[in-house]
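Below are two complexes that have chain A in common, paired first with chain B and then with chain C.
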Partner chain A sequence: MNILSNFQYHAPKTKAEVLELLADIGDRSKMLAGGTDLIIMLKEKMIETENIINIGDVEELAGIKFTDEGVEIGACTKIADIENSTELVKDYNALVHAAGELGSYQVRTMATLGGNISHSSPAGETPTPLAALNASVVIESKRGTRVVKAEDFILGNRKNVLEKDEMLTKFVIPAPAANSATVYGYIGLRNAMEIDAVNMAVNVELEADKKTVKSVKLVMGSVSPKPIVSEAVPALLVGKELNEDLVEKIGEAAMSEAKPISDIRASAEYRKDVVGALARRLTKEAYELAMEA
Partner chain B sequence: MGKMYEVANRYNNYRDYTKEFTEVGRSIRRPDGPDKVKGSVRYTDDLTLPRMVYGKLLRSKHAHANIVKIDYSKALELEGVLAVITGEDCPIPYGIVPHNANEHALAVGKVRNWGEPVAAVAATTEEIAEKALELIEVEYEVLEALVDPREAVKRDDVRIHEDSPNNICYEGIQIYGDPEKALAEADYVLEQDYYSSYVNHGFIEPQSALADFNVATGKLHLYATCQVPHYTHQQLAKVLEMPLNKIRITVPLIGGGFGGKGVASQADFCASILSRKIGRPVKITYERSEVFATNNGRHPCYMKMKLGFDKTGKITACDFTNLMDGGAYAGWGIVVLFYTASMVHIPYMIPNVRFDGKRIYTNKPTCGAFRGLGGVQPRFAMEQMLDQAAAHFGMDPYEIRMLNAAESGYTAMSKMYIPHTEYKKCLTECVEKSGYKEKHGKLPFGKGIGLSGGYYISGTSYTLYLSYKPHTVATIKVDEENDVTVYCGATDIGQGVDMVMAQMAAETLGVKTEDVTVIPRDTSVSTFDLGTFASRLTFATGWAIRQAAEKINAELKPVAAGMLGIRGDEVEVQGGEFYNIYKPKQRVPWREVVSSYIQTNGPLSMTGQFTPPRRKGIQQGGNIGHSPTFGFSAQIAEVDVDLETGKINVVKITEAGDCGVAINPQSVEGQVHGSIQMGMGQALYEEMKIAPDGTFLNPSFHDYKLPTALDMPEIDANIVDAYDPSAPYGAKESGEGPIQPTIPAIFNAVYDAIGVRFTEMPLTPEKVLNAIKEQKAKGVF
Partner chain C sequence: MKQIITLNINNQNYDVVVTPMDLLVDVIRKTVGLTGTKKGCGQGDCGACTVLIDGKPELSCIKLAVASVGKKITTIEGIANEDGTLHPIQDAFLDHGAVQCGFCTPGMILSAKALVDRNPNPTQKEIKTAISGNTCRCTGYINIIEAIESYANSVAEKEAK
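Presenting the complex of A and B:
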């Protein structure tokens, strides 16, 4: 399919211009950043729009900036820039790992972090590590600025908290806590270019004894319309040292919380099975890394 | 022609040729490689012509429906639309197998699969053409769709083709020896059902056709992604009711074919008909979804195989029943059906064989030719059964294969004759290189190693229509301006036959390959060739080229001898120089000899030809599968099964192949890697998914999963020392043999890893995990 439908194309150069446009025509516009999801949906005639606002050239929306509190990543930062960042990988390797698993080389070169979460696909790679890393999403409009937690951003399949006149401008990720580690993993058919059957990120923080779990955040992707932050796993693990018995229980707990569907990629039963496997592996891995942190 | 030289290289008149090659055996890098990487190659879709317009096909969303009415008046009114055609404009059926031709450029009266085209438009832009499709109103009477051949064969009440009762496209029975008696008397009988899956080639370049009808001359020039330009030429002539000499087909570089471009595409016909109608060039290029709707991929087979063994482990009988899912139309169907029959006769000696096969119509995109066609399916069954039999006899899987393997000079019950094989060497070499004997049955639970063998034809013995003309013709022209120019209709679809032809010509002519130019195929320029299928090109073009080159030598050698002042039969040529074989320092440059020849004799070009021998005493359909010679391959797969997720990681594949002499070892290795990638895709990932109503669920690379580079195992590809004396330069096929063992090797390895036999492809993590859970429940681990 070649016809993208008839639309007005807007190419603002500053954030202020974007917000102005959104206030004016946001209710009948689609944002174009990398285009790796939007263009396909237009070509497949899954969506139509009167206006396209290309924010890909707005320089102030892209970039990775380290602060005293952590790091800020602009919404239009390319996935490839995250994947290849030698600085990010030190403290935010879960996000870097997830970025490296997104699509193909070509897609990563075009796609943006803001686009990946704004597309709000249940199988998105980056929402899970962002949530596990306690990232905040900064949302702006002419009316003002608000901040939501990454896990609260996505509401359902291709639904999120953005109002028609709002845009996602950046992510704020706090510096990792002492004695903590976050890891990412996924299960899919292939080792690249995969639409994950399940993905997951686990953040384990230990007490000063480097054995007792102080906090744990296990986030599951692709097993419900939006990422699930486990409530059962912290209840099992906080205040305890990890052992094989607990690892088994964590797997069972995660499986009980996952709400996967059956589709042409995998059955719900299989997705549940691998949620257990991923939860066991990643929790163990994060725990061991946290001990060495 | 030089009178003192006898040109004696006819197939049956082989004289022992020097095996000390200089150009054959060079791993010359493919000259098309850098341009492909840079994107500077021009494929069909990259071509434009003055006044060219764009064509698009309207495709059915229904898998089975009568077309009640098509109204395209609104489309015609759209500014920029130049023409619309429907089945009424192309009522003549076509098909690669002429006596079973039932396809149309556009559906006539009825659609039989999802995505079948019902109308085509030509417009000044692609966007207008697409918009025009939306304005065409088609009224359908939707019919019940049959998507499972096991049901379709019982449903005479729903005939997909009115003239095919029970939806049987073709059926055949072959009985060699007395299989019934042999099975009754066998010491051990093994019987098992298997299913092989519905997969597509996944070539990178979609089909594209650019047709240029010249109103003034009445000639049609078609540029097309076609691996069988000759057969497409014939079918265009039939459908367009034009004489052959008014049609010219040029094949630009092709981005992969694998058999999928081994039939004329509907784009070829529609672009041609539209161009004739409007008098302007028309280009039609498929979307990926249209490639899937066209398919021509591998036939899914519901197979029952019964093998009988004597008490030593020798196979005494094979009873093979095969119900094939052919999809909507005939295509290559008959050929594939009887290939599956013939493929059980080699590489093991089986004295009693029965085949009972049916190819069934279903409402799915048509199945056709796909790398290793007809072999992959029965090989999947037999190679697993050999492992099971070996376990029964307490033998190593390698030993049972060695015991049953055919050797050079073997004539199978089907009269298939193997002039040369190093199959046993293949088995031994990959067993030794992989450490199979030390690992098989001894690895920890979850890790496994599996062996499989296979073979493939190296050409066919028959044309698809009755004709006794040569199968391949090659003309070599030698001059001062271009050195050596080779003309041959053999089509390079990415496999590298142009390189191979240049190397073979250079070998006999005694020049460097780099000084040979191969003219790309064009039916009005190239000499005749049947097409790229059946792994026939190296063997067939090799003989034709060598014959032409020896005729050239017979002309040039006396001239060289005169220049050297020696006898004519004392001259040889190599490295760009003629020399005295007794005093090799006496030399004269090849180019000087050529100049001298042309100045005294005039222009020099020679033609060679090749036609394979036929066999006698064959049964129904039995000529299909006969080949002048055969290539062999053995593979060992090592897998690591994730016991918690069921994901199979193929860690390593060790391959040993008998392709005779490798003309270009690097190209052979490429064929092996590609075959393994494709086989692995079918074994583990790929499957076209069709809903019960015939809707295609995953017609994109988003959801149809080809293995990526990151999924590839370590591959140790080995070319065993081999020389086939019946083959030109001792060389035979390497493009389709190496895919034969890949799937059963992986399945045998998975059995070794977790103790479960799988009989259906693909082996998804889900199936594997469920089996592991059952093993766990049984206390196996």
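Presenting the complex of A and C:
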């Protein structure tokens, strides 16, 4: 009668209880946060599990907290709470923008930031801005705590660094550097309820002269099993002032690093072109914003 | 595996027997018998199953009933006035011819109500964004957007007074 295969349901109320459960049954459990990916995968029989651990009601895992160093966002913070955060918009607009482009409003009120990266879809909206903003991912288990960079969290299509007894508990995003700006952009088939063909986030930091590029981090999503942090773009741009000639070269460099596939959403050829267009557009946008920062 | 849980739906507590696998939409429709909530795609795409959970629109076809314990669930049956007259947003949908077959209407109305609750002065773009997860295959959305605009205007006017 049930469309879902049998599982046992666990609803811990504290992080300590979750870690205890994971140490015990983590190897035969799935974590439920918002469920917008998990329940669909269970319905479609893409996965089966003996246990569901619902972490959606663990209050200490949710929330946006500003610190002296930047901001901490709990793993179970809803995407809609990021989208609607008037405090995050100023310094972390790239993440707020990406959050607002995920699914539909209903999906965003259910889905969580931790869930979006833990699902580790190559087309996820938030891993690219998190990486561009130099976010760290805090991972905990009964054995202890470790921290990885956002760009190192996803290993491949639906694969990430989490061990069976571990969970993602929060994101730590540093305050933006002086004279810097980060922007996000994407191309998809529609404006809503689509899965990105390509998404990208670019963080440009300028020297005190507000012209010379001190650092640049260009991260592209949906063009490889995991987000790609460009190496070629910083090599071209650091120490220079942006000009039209460089903008063209940045587009070509990003295209040369993208490794897209053809699928139902876009052809590999089209995706490469989009990478070039987004790289040119977003780098220019971030550079101009950084000049005014 | 069966257990009794209490769900608060439209301010009334229902003790229902469920398994952990039961989806909220099925419990609302089959066990409780409130069939205003529709089941469309079953994958969280079409929005017909939208209900409000603690005032926020969620998709009951991809939500476990057991994960809804302790929360205030509002279905389309719960938004009319106590005397049985319609909620102003329901009136607005009728006045603007925003209903044809009616299958998307409960979800559409709940998404729209949640929007105006959090943002009494939505732009047309914000309205479109708020209902982008509610698929209508009859009306072409124009009358629906007009209905929501008119309801939002009436709420804004009331607040201004």
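Just so we're on the same page, the second predicted complex is superposed on the first by the 291 of 293 C-alpha atoms of A that agree within 3 Å, B and C clash if a C-alpha of one lies under 4 Å from a C-alpha of the other, contacts with A are read in each partner's own complex, and residues count from 1 in each chain.
Following the convention adopted for this analysis, contacts are C-beta pairs under 8 Å (C-beta built on N, C-alpha and C of every residue); 3 or more make two chains touch, one makes a residue touch a chain.
Small disclaimer: the values here were computed from a predicted structure and weren't measured.
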| item | value |
| --- | --- |
| Superposed partners chain B and chain C on chain A - clash or fit | clash |
| Which superposed partner A:V274 touches (first chain B, second chain C, both, neither) | first |
| First (chain B), second (chain C), both or neither touched by A:I154 | neither |
| Partner chain(s) touched by A:M193 [first = chain B, second = chain C, both, neither] | both |
| Which of chain B and chain C A:I117 touches, first, second, both or neither | neither |
| Contacts of A:R265 with chain B and chain C, given as first, second, both or neither | first |
| Which of chain B and chain C A:Q106 touches, first, second, both or neither | second |
| Touched partner set for A:M167, first chain B, second chain C, both or neither | neither |
| Between chain B and chain C, more extensive residue contact with chain A | C |
| Touching partner for A:G35 - first (chain B), second (chain C), both, neither | second |
| Listed stretches 3-11, 93-101 or 147-155 of chain C, narrowed to the one that overlaps chain B | 93-101 |
| Set of chain A residues, in rising order, touched by both chain B and chain C | 2-3, 191-193 |
| Residues of chain A defined as touching chain C within the complex | 2-9, 11, 32, 35-36, 39-40, 43, 52, 54, 56-57, 80, 84, 100, 103-107, 109-110, 191-193 |
| Residue ranges of chain B in contact with chain A within the complex | 126-127, 130-131, 287, 642, 644-647, 684-685, 689, 697-698, 702-703, 705, 707-711, 764-766, 769 |
| Residue ranges of chain A touching chain B (in the complex, touch as defined) | 1-3, 187, 189-193, 195, 264-267, 270, 273-274, 276-277, 280-281 |
| Chain A partner contacts - residues on chain C that touch it in the complex | 1, 19-23, 42-45, 47, 50, 53, 56-59, 62-64, 66-67, 70, 111, 114-115, 118, 129-130, 132-134 |
